[in-house]
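What follows are several structures.
The same subunit A turns up in both complexes below, where it pairs with subunit B and then with subunit C.
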Partner chain A sequence: MKLYLLKRIVLLGPVLAGVTFLLFALMELVPGDAAEAMLGPYATSDNVQRLRSSMNLEAPFPERYLFWIQNLVRLDLGEAYSIGRPVRDEVLERYSATLILAGAAFAVALVVGVVCGVCAAAWKDRTIGRLFSLVSILGISIPSFWLGLMFISLFSVALGWFPSGGIGAIQGKGGAGDLLAHLFLPAMALGIVSSSVIAQFIRSAMLEVLVSGYIRTARAKGVEGFQVLMSHAFRNVIPSILPLLGLQAGYVIGGAVYIETVFQWPGVGRMLVQAIQSRDILLVQGGVLILGTSYLIINLITDVLQHVLDPRLSK
Partner chain B sequence: MKGVLKTISVFAWILVLASMLAPLMPLPDPNAVELGQRLMPPFVNGHVLGTDLLGRDLLARLLSGTRTSLLVAIAATCVSLIAGTCIGITSGFYGGKTDAVLMRGVDLVMAFPYLVFALAIVAVLGPGIGNALMAIAVVNVPFFARTVRGAALELAQSRYVEASRALGASNARLVLFHLLPNLSPTLLTACGTTFSWMLLETAGLSFIGLGAQPPHADLGTMLSDSRRLMLVHPLSPLIPGLALVLLAVSGNLLAARRT
Partner chain C sequence: MDYRGNFALCRLICLVWPMLVVVSCVRAPLQDEFTLIVAQSAEPKSLDPHVATSLNDFRILENVFEGLVRFKPLSLEIESALAVSWEVTPDGLAYTFQLRPGVFFHDGSPLNAEAVKFSFERMLIPTHPAHDTGPFPLAFFFSQIDAIEVIDTLSVRFHLKEPYAPFLPNLAYPTGFIVSQAALEGNKRHEFGRHPSGTGPFRVGDWHANRFVRLEGNPLWRGKPPALKAIFFRPFTDENARVASLLSGESHIVVEMPADLITHFRKNPEFNVLEASGPHVWFLIFNTRVGPLRDSRVRQAVNLAIDKRALVEDLLQGSATIAKGPIPEAFGMSCDPTIDGWPYDPEKARQLVREAGAVGLVLTLLTTEGGSGMLDPKSMATAIQSDLAKVGLVAEIETYEWNTFLKKVNSGLEGNADMAQMAWMTNDPDTLLFLAFRSEAMPENGGFNSGYYSNSEVDLLIEEARREIDPSRRQGLYHRIQRIIHEDAPCAFIASWRQNAVTTRSVQGLQLEPSFLLRLGDVSLNFSMEAED
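Up next, the complex of A and B:
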């Protein structure tokens, strides 16, 4: 087990190198001159020349990549010209907001997905089970940003139960209650949409397990239905859903870009959209880097967790 | 249950047909601004669905937006299908080092959450519907490449490929006449499942302002326009969103039927 963990962590090195290289190379392809874009109306040839050499833009590509990596290791991602502050500060500040939103949405997805998936498998011949196939197809077909808009229409505009956007009331006292009120609608919109994939997967995995011999034995011994379902069947399904959870985490991180736009949530996703519109490449780089790295780490965790829960995989 | 699904499909087909035939219908220009006619309710002055903030006919916009969204999703699926199939077949058929190099490249793209990588591509290419299409297509290439590689790997070992190789068939012939026809069921299913996803994601990029640029609209920009009216007309995002869901549901239903 320890060996596997070590192997995975060592393997993360080349992946990170590849990911950073891909990102750096991609941003190199941006048309136009970075120095010219930054200077805007002050882009006289003299100024451009000076800025280019101060930004190390004259050096050949491999040298610039190494220079960039060196700065990256020191957590120096440069200065975002569109907002006039270091990329690192901006990204880290917004990252906590994204983590809160994505974490809450993921929790919603997990709870709704598990409950619906298990119920659909347990009552597959009843109306609930049959209704599930319809609802789950609807679930994967509803865009989270539209669901968010409809939530605002219903719960914010018509009923006035929840605030329609932002992370906290402007004149409010702040605190956990305020945050929860602002978090509820975005987390629901994002979580419900990604729960349908989880539910579908759990349902089919459960149906596979429920026909196996040990379930019949347990039932024959007189174990109660609910206990058979949860501690016999569902427990064995958990290791196989972990990789899917890793993938869904990626979906939630990506979907946060939309939801942050709908609910004006001050996260990395919304920052990315604004950075793209103002062509602030360094800020884009920083945002993509932190979301990409989080995704890698989440997948590392689900992988390792899968091996912990199912030691047969390590053999 | 079957009835509900059938009704949804019928409505989706009506929407698709209407959007394709929209240029032939007696509808106002979807981009014609008429400020005197702003925010008309439905069925007033010949505007069946009413008008938007700039007095543009909502029905005409809905149909032209649906057409744009559909065509973009189909084009993105095709681009991704072709690129993914080429990579997958090369990888599965030749194996060895070619396979290793190509698959590491695919892994690299998959190391990013896909929408985030699509955003990085849009950042490079700049906002616009064509660029959004390319970005969404590129992030889906690994999906096709992996699916095709798996199937091609199996087919390349099969007896009839071995037999035609023994008869002296060239690699090109083996790929074109033996592998591709046998891969087509796999490819069709993969297209079905990705189409709906492409539809929603390209609309999403338009929604956040990185896809279709004004005055042209797809369903995503229509949704983003309707956001501004939500305080006065809370139901304004309903119709473009329903159109999007309708198309995505029927795409997913088609895919589900194939599997």
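Up next, the complex of A and C:
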């Protein structure tokens, strides 16, 4: 197990290096350059040239890549020209907002997904079971940004229950209640799609397990229905749904790009959209790097957890 | 019937519903008569007026800073601001300003001639100690300044390299605002863009990145205190989110409302829709150097073939007016009222195309995904393509991302295209003409004359107009320029964007300025207006 963990952590290095190279190379292919975007439509070629030199945009690709890597090691990601702030400060601030949203969305996905999946499997031939299946199929079919817009129309505009966007009230003391009020709609919109995927998967896995011999034995021994469902059946399903949960955790972080735009949530996703529009390459690199790293870490945690829960895999 | 399952569902609903209500109760009300919330389309880039280039930033800066002069309300004429008076020498080479006494910056330092000199020299002199707080993309507005002389504490003289009539309008634009020298000294000078100090009726309270910029009343303000105690500028990059914030009562003013939604708000008595034309012009540049558009008959035919009314009223849904030439109507008397622009006459256009032997010729049209002031470029390109097809011309559209598009167009259309869309927003009639319609402003010389238009008479008139400091004579020169450009048809002038803002009924005293700047000093909130209904 320890060896496996060590191997996985060591492998993170080359993967991260690959991510940074790919990221840098992709940004190189994007048309337009930062100097022109910065000076706008009034840019004269002289001014563009001067700014390009001052921003070191004239240097060849490998030289700039190595320079960027050197700075990255020192945790210096440069200055984001479009907002006039260091990229590191902006990305870290935004990332904490994304983590709050993604964490809440994942919690919604997990709770709703498990409840719906287990209920749909337990009552597969009853109305409520079919209803849970229907809801989860609907959830998969609805794009989260559309669901977000519908939530805003209903809960913010028509009913006035929740704020339509932002991370906190611009007046007042803020606090946990304020954060929760702002978090509710985006977390639901983002989490519901994932919860449907989780529910569908759990339902199928549970249905397979529920016809197993050991479940029949447990029931024959007089174990109570709920206990059979959770302690015997669901417990055995957990290792098989872990990779899916890892994927969904990645999805909620990636999905934050559009949900953050719809709800004006000040996270990395919204920052990336703005940075791409303004050709702020350093900011895009910083944002994608932190999202990519998160994805790698989530994968690592999922794999390790799977090995912990199912020792057969280590053998 | 499975009652057990249905009961479980009811239990679930009973559990979730109160949670929803409890969470929703923490939402704070926004009905405060002293706090205005403006929903903008983006996070400000910088609140340093010399660094800022976008309208989004200018709307905030207009309330925080002042220039020596300013635009009169609802006009592009000049009136005094930080200068109580000014004199211009007969040769137009020296402007002497008498500063208003007893004016202080938000940081408490006094306004004096040294501060004025500092404000311009930091932009113009590369060796200036504060020059590294830039870049200053619009500093070229003041490139005609030769020297700035401090006469005494409250008198300052600008010496120009040559007579330059747009000098005063440029001083009224945010790039000409006066900044506090004290705030740009010491270690925090690079923070000036986030913690600026001006003399305006509001000062910057705090700026929470990606959430809001809060302005608060300036206690050192010399005039009548504004009715508002705080103004929040909130960034909503998504237009739907901007609209939702207004509908849900989380903002009072939304600027740049999409054209297709304006109609909805016009019909809703809960909101006021404000619209005003500004100094904006959207046009097609023709390649007059090579290709079919070298022939003036083909250029005229394109002008006659485009149904501008349909573009403006149907496609842009009334969010723009028809442009008649290179000088938008917002410039008042500088725009020749006798020129009506090219009418929509496809029959005559067909005839001209036939005469020029251009039937079936392919014209490449460059367009962009979207960009500053470009309205709805792709749809407009498609509509123009269809209009041209009706008169026997084939337009091939090439669409580029904004910065690539600018690079292609600004480097000149030769080898790139026959036509290109472009939009300009200026603060003086001279700017567009000088930068894009002179023979000397060819792309190879660093200018923006991408279609290579060249007319020696126009060149002389543009030079004469920018040196002419007598307003009526200057207007006459611009009328002559417009007439010649109309006949030469180096471009097809299509539309002038009408800026808009939608407000809740509680917002009182807001007017949209032709300069597109947003003045909030006289704005107040009155919620009893809404309560009456």
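Going forward, the second predicted complex is superposed on the first by the 280 of 315 C-alpha atoms of A that agree within 3 Å, B and C clash if a C-alpha of one lies under 4 Å from a C-alpha of the other, contacts with A are read in each partner's own complex, and residues count from 1 in each chain.
Just so we're on the same page, a contact is a pair of C-beta atoms (placed from the backbone, for glycine too) under 8 Å apart; a residue touches a chain by one contact, two chains touch by 3 or more.
This is a predicted model, so every value here is computed, not measured.
Once the two complexes are laid over each other on the shared chain, residue contacts for A:I281 go to subunit B alone; subunit C is not touched.
Of the two partner chains, subunit C is the only one that A:L51 touches; subunit B does not reach it. By the touch criterion defined above, A:M188 reaches neither subunit B nor subunit C. Of the two partner chains placed by superposition, only subunit C is touched by A:R85; subunit B is not.
In the superposition on chain A, A:P163 contacts subunit C only, with no contact to subunit B. Look at A:R94: by the touch rule set out above, it reaches subunit C but stays clear of subunit B. Once the two complexes are laid over each other on the shared chain, residue contacts for A:T261 go to subunit B and to subunit C alike. When both complexes are overlaid on chain A, the residue A:A233 reaches neither subunit B nor subunit C. Residue contacts after overlaying the shared chain place A:I152 against subunit B and subunit C alike.
Shared interface residues of subunit A, touching subunit B in one complex and subunit C in the other, are 31, 131, 149, 152-153, 157, 261-262, 273, 279. On subunit A, the positions that touch subunit B within their shared complex are 15, 18-19, 22-23, 26-27, 29-31, 130-131, 133-134, 137-138, 140-143, 145-146, 149-150, 152-154, 157-158, 249-251, 253-255, 257-258, 261-262, 272-273, 275-277, 279, 281, 284, 288, 291-292, 295-296. By the touch criterion given at the top, residues 1, 4-5, 104, 107-109, 111-117, 119-124, 126-127, 196, 200, 203-204, 207-210, 223, 226-227, 230-231, 234-235, 237-238, 241, 244-245, 248-249, 251-253, 256 of subunit B touch subunit A in their complex. Within the complex formed with subunit A, the subunit C residues making contact are 1-2, 4-6, 8-9, 20-21, 23-24, 26-28, 30, 32, 35, 37, 42-43, 45-46, 51, 53-54, 135, 137-138, 140, 193-194, 209-212, 214, 232, 234-238, 240-241, 244-245, 247-250, 371-372, 400-404, 406-407, 410, 424, 435, 446.
Subunit A makes touch with subunit C in their complex at residues 31-33, 36-47, 51, 82-85, 90, 93-94, 119, 123, 126-129, 131, 149, 152-153, 155-157, 160-172, 177-178, 180-181, 184, 261-264, 266, 270-271, 273-274, 279.
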